[in-house]
Amino acid sequence: MKDKRLSLEQAVADLIRDGDSIVMGACLESDIPFAATHEIIRQGKRELEVVAPISDASTDMLIGAGCVGAVTGAWVGNVSAGLGHNYRRIMEGAARGRLRVNDHSNFSLGMALTAGAYGIPYMPLRSLLGSDILRSNPAFRVERNPFVRDQDDPVVLVPPLRPDVAVFCVQRADPGGGCHHWGSEGVMREAGLAAERVILLAEEIVAPEVIASDPNRVPFPPFRVAAVVEATAACHPSPMTGVWRRDTAFFNAYHDRSRTPEGFQEWLEEWVLGVNGHAGYRARLDERIDSLRIRGKALAAPTNYAAE
Amino acid sequence: MKDKRLSLEQAVADLIRDGDSIVMGACLESDIPFAATHEIIRQGKRELEVVAPISDASTDMLIGAGCVGAVTGAWVGNVSAGLGHNYRRIMEGAARGRLRVNDHSNFSLGMALTAGAYGIPYMPLRSLLGSDILRSNPAFRVERNPFVRDQDDPVVLVPPLRPDVAVFCVQRADPGGGCHHWGSEGVMREAGLAAERVILLAEEIVAPEVIASDPNRVPFPPFRVAAVVEATAACHPSPMTGVWRRDTAFFNAYHDRSRTPEGFQEWLEEWVLGVNGHAGYRARLDERIDSLRIRGKALAAPTNYAAE
Amino acid sequence: MHHDYSTRELMIVAAAREIRDGEVVFVGMRLPMAAYGVARQTHAPNAVGLYECGLARHEPAQGMIHTMGDPPNQIGAVWATGTVAVMGLLQAGRVDAGFIGGAEIDRFGNINTSYIGGWTKPRVKLPGSGGAADIAAMSRRLLAIMSHEKHRLVPRVSYVTSAGYLDGGESRHRAGLTWGGPAAVITDRCVLRPHGPENELHLASLHPGQDFAEVAAHTGWELKAMPGMAGTPPPTEAEMAALRRVDPDGYWR
Amino acid sequence: MHHDYSTRELMIVAAAREIRDGEVVFVGMRLPMAAYGVARQTHAPNAVGLYECGLARHEPAQGMIHTMGDPPNQIGAVWATGTVAVMGLLQAGRVDAGFIGGAEIDRFGNINTSYIGGWTKPRVKLPGSGGAADIAAMSRRLLAIMSHEKHRLVPRVSYVTSAGYLDGGESRHRAGLTWGGPAAVITDRCVLRPHGPENELHLASLHPGQDFAEVAAHTGWELKAMPGMAGTPPPTEAEMAALRRVDPDGYWR
């Protein structure tokens, strides 16, 4: 088995290129790979197309840091605090031409990734009929349902998405790219199968036997994974089921401080540019990170895979 | 929580009607609900449309017993032994008009159920192009990909399937319809979401807390389940991950004995019509069933869902 | 009848009353989460809640949560899966009611959460649809929760993120949405419902202390009252007790 | 070189040699399962096996299994999921090679496992496609395993379950299948491969003890030899040792 372990710096440097389309976490509100968001900013990646099925404040941070050329997504903001100030600033100002927005809904984005994952040429939907999303994003088509002859039955056709990169936080992974994820999945499975290169930020590295002990908890096969990064609390301030509580105060502070460009720059300096990688970020969080750690046990019922 | 427990006899009597379209297990080779196959035969259901993504020998048994008016499926036979004699007899004889066959592949059937599950008006595929399945089953359409302008890019359009009933074997279920299933899933999730009425044959009935301890192992939500039947070894002779080995000799004996109509009738009398329900079947298996039980332990790695 | 409640608490209770027992409900964020909890503990003990991150729950989460992905919403879920599966149930017509919020709504119940002032040069860029466009299109009944201000309740939204009755009358159906549409809009002043052949939003019930003229003055179109318009009943003791259990710290006070 | 092997064992070894290291392989039932095991243990230690019931494996199952859903194929899998996910990878072009069997094959590699004698009044009703039509359409390379009899290797199959090169030449591509097609047909007498602009199956290698005239006599079309036609190398000691580990009881002898 090939050992796919890389440092966060190396994984971002080697596998994310300027101009790539990239999914930064796909579970909507949990398991957002903020450690990779920060490393992308530190490495000064440019012109990324962020494929964003609600990645909480990650997209707003990347936009503010000048890494983003396009957003293909359903939602950009700060889930518990409200609007994304960086997103607003660029879209409401003279520089709006520098950011292309390809509007989607959560479902159409999930379906576009499903089509990408499974080689489906395009995905017909009923959702989005009547919505101006069909006008502001010309990638969609509305056609007649060819199975209905006697009346006009419009359907929305969604083209597939095959992102260059997808980055996910998972509770545990093995060095070869096998992993376990639990809790709500968002569009993680589809994004992981659709993307050309998958980077895992694993809370814990375990032996391949641990992953193989429960193959139903594996979201996509190891051969689709390009790199495994060991990175504790890579999802902070977003939550991870069974491991980390959500740091809502941190999201709120980001919201308040990013209200002005200067405030955002200060925040960026404090939490991203001025820290020594993800270890430095964790060190800056200090005792706060301990208070977020879930310490209780609520174990899944035993499940037996024995064959004899 | 509504208690959805029923006896096998009652579930089949109340929820399966003559003429219904029905999925009898969806995991291809494992977890086939043969106990329900037998009860359907005992109750003399007629004109069923069996939606069959390889349900091992179950479909051949139902055809031989005269329960089936149509097969919408990818494969009918006996997986380890070969052809299905009852299927051959009717299709190669003068009575072939009594059985309608709607040819599918495994993937097109899975995609038709996906479309049914998710309200997708139809599913475009690239698979099946060039296959005569598109000629023998007129339900498919071939259309041009409307996203490709400058050349002819044919795609297959698969209409959705929404079966009336789906019957599944699961390792454990609670009285309200929550369940856990593990091992390969075939098209179980899609069939369970697409079907109007789901009947679970549970190896074991457990408290709702056991199911809620591991929500990622639940294939479809409890509100989609109409009935929960406690039925040990309901999958025999097919295997169930972690619980039952496959009884290949039983499949082979069925294959040999069903070679003639008389032989099939004798087999049916011995194993279905002449036994007192599923308990009678199990009693007839006697020590054989004990030898098939998996006794080893190979437990999935612990998984923590604690929130604090 | 309970006398000590805030407007937001009244809105939560009014929203809870829109959920019928046994229904499958697409629960949004914030207020609807509390509304689902109140409904489950009062008149709708068999309701099922769906969350677009990929969860189904019977019991609401224990204690305050800030997003649907928070650990207290994961533990005790009856189904944990992906967005496509839960939103697929919506498109398959299996969801009775769905909640969304919005920045702008018009007299036909169309909702804008994307662009104020046109999408090419927006005056305000809002976060976008999230799942709202899907919930509005595919729920059997849409329930919207809004702040009642004249610049939010407008004659015509500048961008339809989430389809209501579009141009009124049969236009939603003609667009291909053969079911659904707004059933109630719960504001901090009243409850609006579609009425008449045009499906225009009418005043269905006034919250305690509100009067028609004042509400109409804060509405961007010429607001009409529904026949049988009544007052919104204040929260009952049972409803308030349920809300206290869902929101022990009074976050929604 | 190993001297004590059966024809079926030679077929398994010949099939194993078609798997390249690091490839993703759609493994069918029966012989290909053993072939995958031999390949993994000899020249292709990094191959990945996919099974249409919804499994991916690195190591082959321990001991004999009769179906891909058997418990020994479940334990130790590296991914357990559904049919749509694994076959979706196939349609997405992510599967390098796929195995199928067949009752009838023609000179352009089209395979019939559905109806002998037409679908309206079949002389023999075969089980149908299962996943074969998908594997044939969407694998980057199709590998077929057949019993070499004149009534099975026919000029034109009466029903194309699984598309080969259709009418030969560019017709597969014109039908919309922009990749794939049979790369090898492994029979009990020889290995056939497509050759020339028509993509007709030619004799690529004769198994030990076979001669061209005899094989041609058992083939339903005028069989031609490929340039550079050779003999199929007998199993090596390493290959036979690997096969013994996969098939300790000699089921495939």
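Which chain is which? They are A, B, C and D, in the order written, and residues in each are numbered from 1.
Note that contacts are C-beta pairs under 8 Å (C-beta built on N, C-alpha and C of every residue); 3 or more make two chains touch, one makes a residue touch a chain.
These numbers were taken from a predicted model, which means no experiment stands behind them.
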item	value
Chains in simultaneous contact with chain B and chain C	A
Per Cα centroids, the chain farthest from chain C	D
Comparison of A-D and A-C by number of C-beta pairs in contact, larger one	A-C
Centre-to-centre distance between chain D and chain A (centres being mean Cα positions), rounded to whole Å	39
Between chain B and chain D, centroid-to-centroid distance (C-alpha), Å	27
Chain centre separation in whole Å, for chain D relative to chain C (CA means)	56
Residues of chain A engaged with two or more neighbouring chains	119-120, 125-126, 153, 155, 182-183, 185, 189, 211, 216, 241-242, 245, 294, 298, 305-308
Contacts with two or more other chains, residues of chain D listed in rising order	55, 70-71, 74-75, 77, 80-81, 84, 87-88, 90-91, 138
Category of the chain touch graph - line, ring, star, complete, other	other
Pairwise chain contacts, counting only pairs that touch as defined	A-B, A-C, A-D, B-C, B-D
Contacting residues of chain A [partner chain D, same complex]	1-2, 116-120, 178, 189, 193-194, 208, 211-212, 215-216, 218, 220-224, 305-308
Residues of chain D defined as touching chain B within the complex	29, 51-55, 66-71, 74-75, 77, 80-84, 87-88, 90-91, 114-115, 119, 121-134, 136-138, 159-163, 166, 172, 175-177
Of all residues in chain B, those that touch chain A in their complex	119-126, 141, 143, 145-147, 153, 155, 157, 159, 171-172, 180, 182-183, 185, 206, 210-211, 213-214, 216-217, 241-243, 245, 294-308
Touching residues (chain side chain B, partner chain D) in the complex	27-31, 53-54, 56, 73-77, 79-80, 83-84, 87-88, 91-92, 96, 103-108, 110-111, 114, 125-133, 135-136, 153-155, 182-190, 238-239, 241-242, 244-246, 248, 294, 298
In the complex with chain A, residue positions of chain D that touch it	24, 46, 48, 55-56, 58, 62, 70-72, 74-81, 84-85, 87-94, 138
